[in-house]
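Two complexes, one shared chain (subunit A), two partners (subunit B, subunit C).
Moving on, here comes the complex of A and B:
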C-alpha cells in the first residue's frame, strides 16, 4: 500500500454567522495516495474546489471548517502552528491553479518567481541548477532560456508548466491541481496532462485533481469522488464509475459527457457520426 | 445571399518596445470568408492563432489594416447614420468570460433590456416585458429577472448573455468560445439552445472554439486558422482527408479519450 499523503475525514464547511449560516460542504471524506491521481468530479458549485482547499488548510475568508479532520502528510492540520503549516505548504504539498495567465506577477521574470519561492522557504539564493532541473522535468528543452522571460512572453500552456515546475521546486510529494487545464487549448491541455501523468507514474507523486471534464478523468485518474451539492455521492475506481455508475448524478454527468465527447481521437473515424 | 463578408482582411498589432523598436505582429492575414443566413461556420485553431481577432473584425470592434469587412456588400468603415445602426443591430456577440461581460450592478432584466431600449426605443415596463420574454426564451424563469449577475452560475449567466445578444434580433451572431468555460452538461445545453435559436431566427453564426467536439456538434462548416491565416476548410461531416492541414490533425489528436482505457496491471 502506497503512502497516504492527504486524508480528509467527514469534512464540514460553513459560511456566514448566526442565522445567516450556510452549509457548503457536509460529510466529505477522501484520501490521496502516492503514485495515484485522485479526482473530485462534479458540476460547478458542488463544493469540489472548497474541499480541496480545505485539504491544504487554505480556506478562503469567511468559510470555516465546522467539523472533520484533515491529515496532511501524516500530520493533523488542527495541531499545527501557523508557522509549521506554512512550512509544509510548498515542501510537502503544492497547489496548481486554473488561470496561469493571471497567477504570475507581470513585472517579474520567471527567474524571480523561482527566487521568490526559494526565499519564502530557504535562504533565497537563486539556485540555477535546481531551477533548470525542475523546468526540464516539466518538458522544457532549454530551461535556462526560460528564466529571463516575462510571463507575457509565454503562452498559457507554457505558464501552466512553469507553475507545475514551481510546485515541484521544493520537493512537494502532493500536488493539488484545481482545474489545471480549463483555460488551455486542447493541444496544450494534452501536453500538461502528459506531464502530470509522468510525475505521478514515474516519480510517484500523489495528485489531487479537481475537474468537471470527464475526459481528463478518463485520461489520468485512478480513483474518483463524485460530488453534488456539497456531498460525495459516489466514489470508486474510475473504470468502475465509467462502466457502471450507481448514483443518478454520476449517470447524468456521464450522459452529458458522452453526448459531447463521444468522439474517437483517431483521424480515420473522425466524422463517422454526423 | 451572403450578409457579411470578409475580403482579404489583415490586422496587425505593434508589439513591445518604444518608438521604433516595436515589432509588427500579424494577428490575421488576408482572410476571406462569407457568412450566409442560417449557416453556422465553426472557426477552430490553437490559442493565439487569430480566431478572436477575426471575431472582433467581424463585429467591427477592430478595423482591418487592409482588406475590408462588407456588410450586405458595403464596407463597414463607410457606413454612417442609420446604415451603421443597422449593422450594429444585426451583428451581436457572446463572449467566453461571462462574468466580465455583464455589469455586476444591474439586475439581469436591465442587462437584457439595454439593447431593447437602444434599438427599439422601448422603456420602463415595456422594456422589462420584452426583457422577460427574452429570458424565458433562453429557459430562465421570470423570477430570475430581478437577480444580480453574481447570483447566477456560469451557465445561467451565459444564457443571459445570449438573451442580450438576441434582443436586437440580429442576423449574425459571433460566439467567441461561448461554451469553453462551462461544464460539459451545460455546454451541451447551451449548444442545443443556440442551434434552436439559429433555426428559429435564421441568423448566421460564427462559432469560435478550440474544441472540435463542440464545433462538430454545433456547426455546418469548419474553418481552420493557423498563425493568422485560414489554412483549411471542411464541410460536414468534418472528415479530414490526407491533404488536411497538420494543425487540424494536431487538434483532433489532442482530443482526450471519452472513457478510461482498460486498467494497466
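Moving on, here comes the complex of A and C:
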C-alpha cells in the first residue's frame, strides 16, 4: 500500500460565533495516497475548496474546524506548532489554485516569487539551476527567460504552469489542485492536466484534485468523493461511480455533464491505471 | 478630461511643485541662505521698511524678517516631517496589527481609534499641549497623537482588503511567515496610498503647528516660526501690515502648494480616481 499523504477524518467546519453559527462542512472524510489522483467532485458551494484548505490547515478568517482530525504527511495538524506547520507547507504539501492571474503578486517578478518560496525554507538565495529545472519540468522551453517577467506579461496557462513549478520547487509530495483548469483555454487545460498526470505517474506525487468537470475526473482520477451541501454523499472508484452512480446528486451531475458534453463511456484504462 | 483643463492642471502642478521646492529648499539650507541671524536683535533699526541689507525690513525688535521667514520654513516643515513620521509609524503598526491579526486585537485597537476620532483634532491637540506643556516637541507629540487614528483606520481597511488576495494565500501555502507576507505583499501597496495621504496632510499639519504656535502653545517666541511671527506682529497690524502679511503669505503659499501636489499625486497613484493628469 502506498504512503498516505493526507488523511481527513470526520471533518466539521463552522463559520460565525454564538447563535449565528452556520455549519459549512460536516462529517467529511477522505484520504490522498502517493501516486494517485483523488478528486473531490461537486457543484459550487458544496464545500470542496474549504475541505482542501482545511486539509492544509489554511482556513480563511472566520471559518474554524469544529471537529475531526487532519493528518498531513503523517503528522496531526492539531499537535503542530505554527512554525512546524509552516515548515511542512511548501516542503511537504503545495496548493495550486484556480484563476492563476490573481495568484501572483503584480509587484513581483516570477523570479522574485521563486526566491520568496526558497526564502521561506532555505537561505533565500535565488538558485537559478533549480528554478530553471522545475520550470523545464512543466514544459517551459526557455525557463531562464521566464524569471524576469512580471505576472501580467504572461498568459493564464503559463502562470498556471509556473504555479505548478513553484509547488515542485521544494519537492512537495502532496499537491492540492483546486480547480486548476478553470479559466484556462482548452489547449492550456490539456497541458496542465498532462503535467499533473505525469507528476502522479512518473514521480509518484499524491494529488488531491478539486473539480466540477467530470471529464477531468474520468481522465485523471482513480478515486472520487462526491460532495453536496457540505457532506460526502458518495465515494469510491471513479469507474464504479460513473457506471453505477448510487446517489441522486451524482446521477444529476453525470446527467448534466452528458447533456452538456455528450455521452462518452468511461474508458476503464484511463483512470484506473496504477 | 479635455486637453485644455489637463494643460492647466499640469501647469498648476508644476507651479505648486516649484513653490514647494522653494519652501523645502529654504528649510533645508536655512543657515546658508538666510542673509542675517534670525535672532539678532537691533533696536536701532526696529520696524524699518524693506531696503538693502534687510530686503523685507525688520520687525519690532529689529530682527531681519527675511531671515526669520526662511528659518520659519525650517521650523514648520521640520515639525511636520516629525509629525508625519510619528503618525505613519504608529498608524502602520496599529493598522497592520488590527487588519492582519484581527480578532480581539482588532476590536480593542479600533475602539481606541474611535475614541480619538470623536474629538475635534485642534481642540484635542490644545488639550494635550495643556497637559504636556508648551514647546515644539510637545506640539509634535500632541498633533501626532490626534491624527494617527485616521491613518490607522485607512491602513487597516487596506490591509483587510489585501490579506484576502489569492497571492497572499499562495504565499502562505509556500510556508512564508506572517512578517514576510506583510513586508512583501501587504506593505508595498499600503505605502503607495500612505504617501498620497501624507502629502495631502502636510498643509493641514502646517496649519496646526502654526496655529498652536500663534496661540503661544508651540514654538516659543524668540525662535523664528510663522505662527509666532504673526502673533508678534499683531500689535503692528495697522502701522506695519507687512509684518503679519508676509508670514501669512508663506503659510498660505506652502499649504496650497503641498495640497496641490498631494492632489496631483493622488490622481497619479490612485487607480480609482479618473485617468489622472493630462498624460
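Everything below uses one rule, namely that the second predicted complex is superposed on the first by the 262 of 274 C-alpha atoms of A that agree within 3 Å, B and C clash if a C-alpha of one lies under 4 Å from a C-alpha of the other, contacts with A are read in each partner's own complex, and residues count from 1 in each chain.
Throughout what follows, a residue touches a chain if its C-beta (ideal position, glycine included) is under 8 Å from a C-beta of that chain, and two chains touch if they have at least 3 such contacts.
In this text, all values refer to a predicted model and were calculated from it rather than measured experimentally.
In the superposed model, A:97 makes contact with subunit C only, not with subunit B. Touch criterion met: A:58 reaches subunit C, while subunit B stays clear of it. Looking at the shared chain after the overlay, A:163 reaches subunit C, while subunit B stays out of its contact range. Of the two partner chains, subunit B is the only one touched by A:258; subunit C is not.
Using the contact criterion defined above for the overlaid structures, shared-chain residue A:43 touches subunit B, although it does not reach subunit C. In the superposition on chain A, contact of A:73 is made with neither subunit B nor subunit C.
When subunit B and subunit C are set side by side, the one touching more residues of subunit A is B.
Look at A:218: by the touch rule set out above, it reaches subunit B but stays clear of subunit C. After overlaying the two complexes on the shared chain, residue contacts for A:155 are found with subunit B alone; subunit C is out of touch. On the subunit A side of its complex with subunit B, the touching residues are 43-45, 155-156, 182-190, 193, 212-219, 221, 237-239, 242, 252-253, 256-265, 267, 270-274.
Contacts from subunit A toward subunit C in the complex involve residues 56, 58, 60-61, 86-91, 93-95, 97, 99, 102-105, 107-108, 116-117, 119-121, 163, 166, 170.
Residues 46-48, 153-155, 181-188, 191, 210-214, 216-217, 236-240, 249-260, 262-263 of subunit B touch subunit A in their complex. Partner subunit A is touched in their complex by these residues of subunit C: 102, 163-167, 169-177, 180, 184-185, 188-189.
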